[in-house]
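Heads up, there are several structures right after this.
Next come two complexes, and both contain chain A; in the first it sits with chain B, in the second with chain C.
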Partner chain A sequence: MSERGDLRIVKFDNLVAIFNASLLWEYRSLLLRGLAYNFYVFAVAGALAISLGLSIAVLRLQPGWIARSIGSVYVEVFRNVPEYVLLIWVHFVLPLLITALLRSQVNFSPFVSAVLALGLAYGGYFTEAFRGGIQAVPRPHVEAARAIGMSGAMTLRRIILPQAIRHMLPEGMNLLVSLFKATTLVSLIEVPDLLYQVTIVVQQEMRPLPLYSGAAFIYFLLIFFISAAVDRLTQRWRVAWR
Partner chain B sequence: MERTPPDSIPTAAPAVGSNEQAREREVVVKAVNLHKSFGDLEVLKGINLEVHFSDVVSVLGSSGSGKSTLLRCINYLERPTAGEIYISGVPMGFRLDSQGQRHSASQRTINHMRQNIGFVFQQFNVWPHMTVLENIMEAPVHVKGMTRAGARELALRMLERVNLLDKQDAYPARLSGGQTQRVAIARALAMEPKVMLFDEPTSALDPELIGEVLATMERLAEEGTTMIIVTHEIEFAHEASDRIIFLHDGRIEEEGPPEQVIDNPRSERCQQFFSRLKHRR
Partner chain C sequence: MSTWQRVVFRNFDLFLSGLWVTAQICVIAFAVAIVLGMAACLVKLYVRPLRFAANLYIQFCRNTPIYVQLLWVNYVWPDVIGWPTSFFAAGWMALGLQSSGYLAETFRAGIEGVPRGHVEAARSLGMSRFQNFRRIVLPQALLVMASSIMNQFLVLAKSSTLVSVIAVPDLMYQALRLASKWFEPIEPLSFVAFVYIVVIFVLSHAMKRYADRLQSRYG
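This part shows the complex of A and B:
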């Protein structure tokens, strides 16, 4: 009964308690440092995901069945394991497997596990995005490049990718936004990101309401404005070829 | 006219004389007993073909007769199932060792050989993410290794040949279908190929745009460009070609000057084909 009473106190206390800017301001350096970690994980995992996605997509479009199957298995595995589970698995199980294999103690720092897990997971999504983008390039554009004497690699770099990236831009941007949101998961394996720092502060201050609301608000603002900026940018790219 | 298979297969380029006559005799494209199958379907059933320097050869025939496949085999976009292709006497897609054994050529060699063969497709020819000028400069710069300044000058010359200088900075989305095909022609010409292959270059165009493309091709023919053209434009083929090849069911049914093949075809299939077209006109 007393718990319900507490809840009612929160409800009726006053609405200002939900958002308390001065409390956030007080811990600004800690929170910013946490946010920097979000961006750090995002950047490295994103780079890993995009490179993996491109490589596996190219692998999946090869004529040989071996290359194709490797690509399919990768995509299916990493798209169908929830990121949270993957994160835990990479952080706690994968080092044990590698230790057993190499017969020497291997540990992943939380940051390495975070980047690896998110990079692998989003690599699967990016594979599909790249594959769709590449397949949307009309075959004769590719043949025209080959017919004029370009190698396969040059055709990919100069003819296919510039067009494929344009095709996959909306989906790719959505994936990057999702990846940024997913970086908040890494606090679970103690990467000191924004959410992790907030949790620490909550334990000291005993004021979860304004602190968690503040964190949500900061994430919302960031993602909202970054998405809007990216939309505008890609709009400009879209009209550039006309 | 009956085609007889050549008795010997040359392995080296014929000597090219300094005078015009020797050049005229140079065989730029040669196909020997060319076969191509897709699975169980045999599309080419033994094609023998010789195209000399500055010849204009039109390949006619109903759809499914193997016209496009023949063209695509010449630059190895399709790998022939059997038979040989020679470009100026150099084997395309294979090489013979000192014992006369046949080996597949490396992809690198094939890419290199393709620089000698201009190809214009039916549509989606021009890369949409580059301007007209960039389209034409792309291969000279990145495949041949020309300087950008040199390639630019070359590209402008080619644009002048297809009469599109004013569109040099436009993106392909801004061009009509006819203009796009002329850019494609200029782009192929910029590689200074030994032969130009046209795979139904006007089939995807609106009727009112066909004329400008055909006029450009006719101009190239007059300038002495060696050309092999797959087309359905019978009148154009009649006007511009030195020789007509009529394909039927993967074989050359009839071959000769336009006055013979189009106006007075000997084979029954040829007669049927051209009379049907005349009725339509």
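This part shows the complex of A and C:
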């Protein structure tokens, strides 16, 4: 009996354990607090990424070669560096470099490192999205705005950005969804997000099966519905503005 | 300079072995992703009764963060199906799983982009469904999909750094180990970041040129 049981490929007791949500329910307040951290990191890093992306995109479209090359270097570096490597680098190396430079002790809290790393990385992606959007604005619109006496900043705000944002909306929304997925990485530098709390509970309870499966399931549901809603909204906005 | 010498250049063989592991895991994972992604896509398009299951699989792969999948495959699968038995296998399986979801959607878009008339013409010439797929649909679809498939490889290569978390001795793992062994984080971590940036930069430009060449030759 037991021999035959051992030969089975699927271990049914463990398969059942996967769907056991009682542990998740027991630790619900801890896990929800963790999830709040995911959203917190996401919001701050997203704001940083979008503002960086817009600034660098404008920089990249300047006529002068110095501004342009600064923009290109930024994009090539931060689009090509893996997020995990950047996260570790920002958390463990950057404070040391700044300390050496300023000659005074600097430390980043995990949250600051997380926001900085994700903001910088996604700033690179957002730069390209903004650049694509801005370049899609018909040149005569800009010229007409300048001709009736609008300043550069005003042209950007009133003429270029409304059209550019509409153009880059799908890509920008996808980027935000991937940014949310990337916030799970911050548990690796001990930001107490959902996944971090799950690993802590796993160490206490020694029951990885329901907990890791539960975490996967929660993230799946959350991101699935967020991206479905985002797709919906994007389409509606694009139609409404046309 | 001496720290660079001591921690980075003297341990060049370690970095090289790490890079080799990274390369292996990326190639295996991508092969797995192509097979699984193609299977999921074909089931979704042509096998009506299983369409819901294929859709669920694709959405699960796409909408779960890679790090969560990695932990899930590494800690949950062995207790349920008795596999993967090594960290290395768990690494490529998780990476392959994630990419397969994205690739399935890419394949679907490519296949659906082939003009309906071409398929009908091939059918009326008497080609079998398989012949039709291989000779008419796939070549045209591949051309359209080339650049996004390559892009997916780069995404996978970047995510592959995470396998160091489950103790697969890849490039990032070696750098982290050296950093903690010598208590010198600056040099090895900066070096490894530089290596990743250069490798991925070169790969992405080479792939882009290749995709452009394909496009101009056959497109």
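Criterion: the second predicted complex is superposed on the first by the 230 of 242 C-alpha atoms of A that agree within 3 Å, B and C clash if a C-alpha of one lies under 4 Å from a C-alpha of the other, contacts with A are read in each partner's own complex, and residues count from 1 in each chain.
Rule of thumb we're sticking to: a contact is a pair of C-beta atoms (placed from the backbone, for glycine too) under 8 Å apart; a residue touches a chain by one contact, two chains touch by 3 or more.
These figures come from a predicted structure and were not determined experimentally.
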| item | value |
| --- | --- |
| Touching partner for A:195 - first (chain B), second (chain C), both, neither | second |
| Touched chain A residues, chain B compared with chain C | C |
| Touched partner set for A:138, first chain B, second chain C, both or neither | first |
| Chain B versus chain C as contact partner of A:81, first or second or both or neither | second |
| Touched partner set for A:224, first chain B, second chain C, both or neither | second |
| Which superposed partner A:147 touches (first chain B, second chain C, both, neither) | first |
| Touched partner set for A:106, first chain B, second chain C, both or neither | neither |
| Contacts of A:159 with chain B and chain C, given as first, second, both or neither | first |
| Of chain B, residues touching chain A in the complex | 75, 77, 107-108, 111-112, 114-115, 117-119, 121-129, 138-139, 142-143, 171-174, 184, 187-188, 191 |
| Chain C-facing residues of chain A, complex | 9-11, 14-15, 18, 76-77, 80-86, 88-89, 92-93, 96-97, 181-182, 184-185, 187-188, 195, 199, 202, 208-209, 212-213, 215-216, 219-220, 223-224, 227 |
| Complex contacts: residues of chain C adjacent to chain A | 59-60, 63-69, 71-72, 75-76, 79-82, 157-162, 164-165, 172, 176, 179, 185-186, 189-190, 192-193, 196-197, 200-201, 204 |
| In the complex, chain A residues that touch chain B | 138-141, 143-152, 154, 158-159, 162-163, 166, 240-242 |
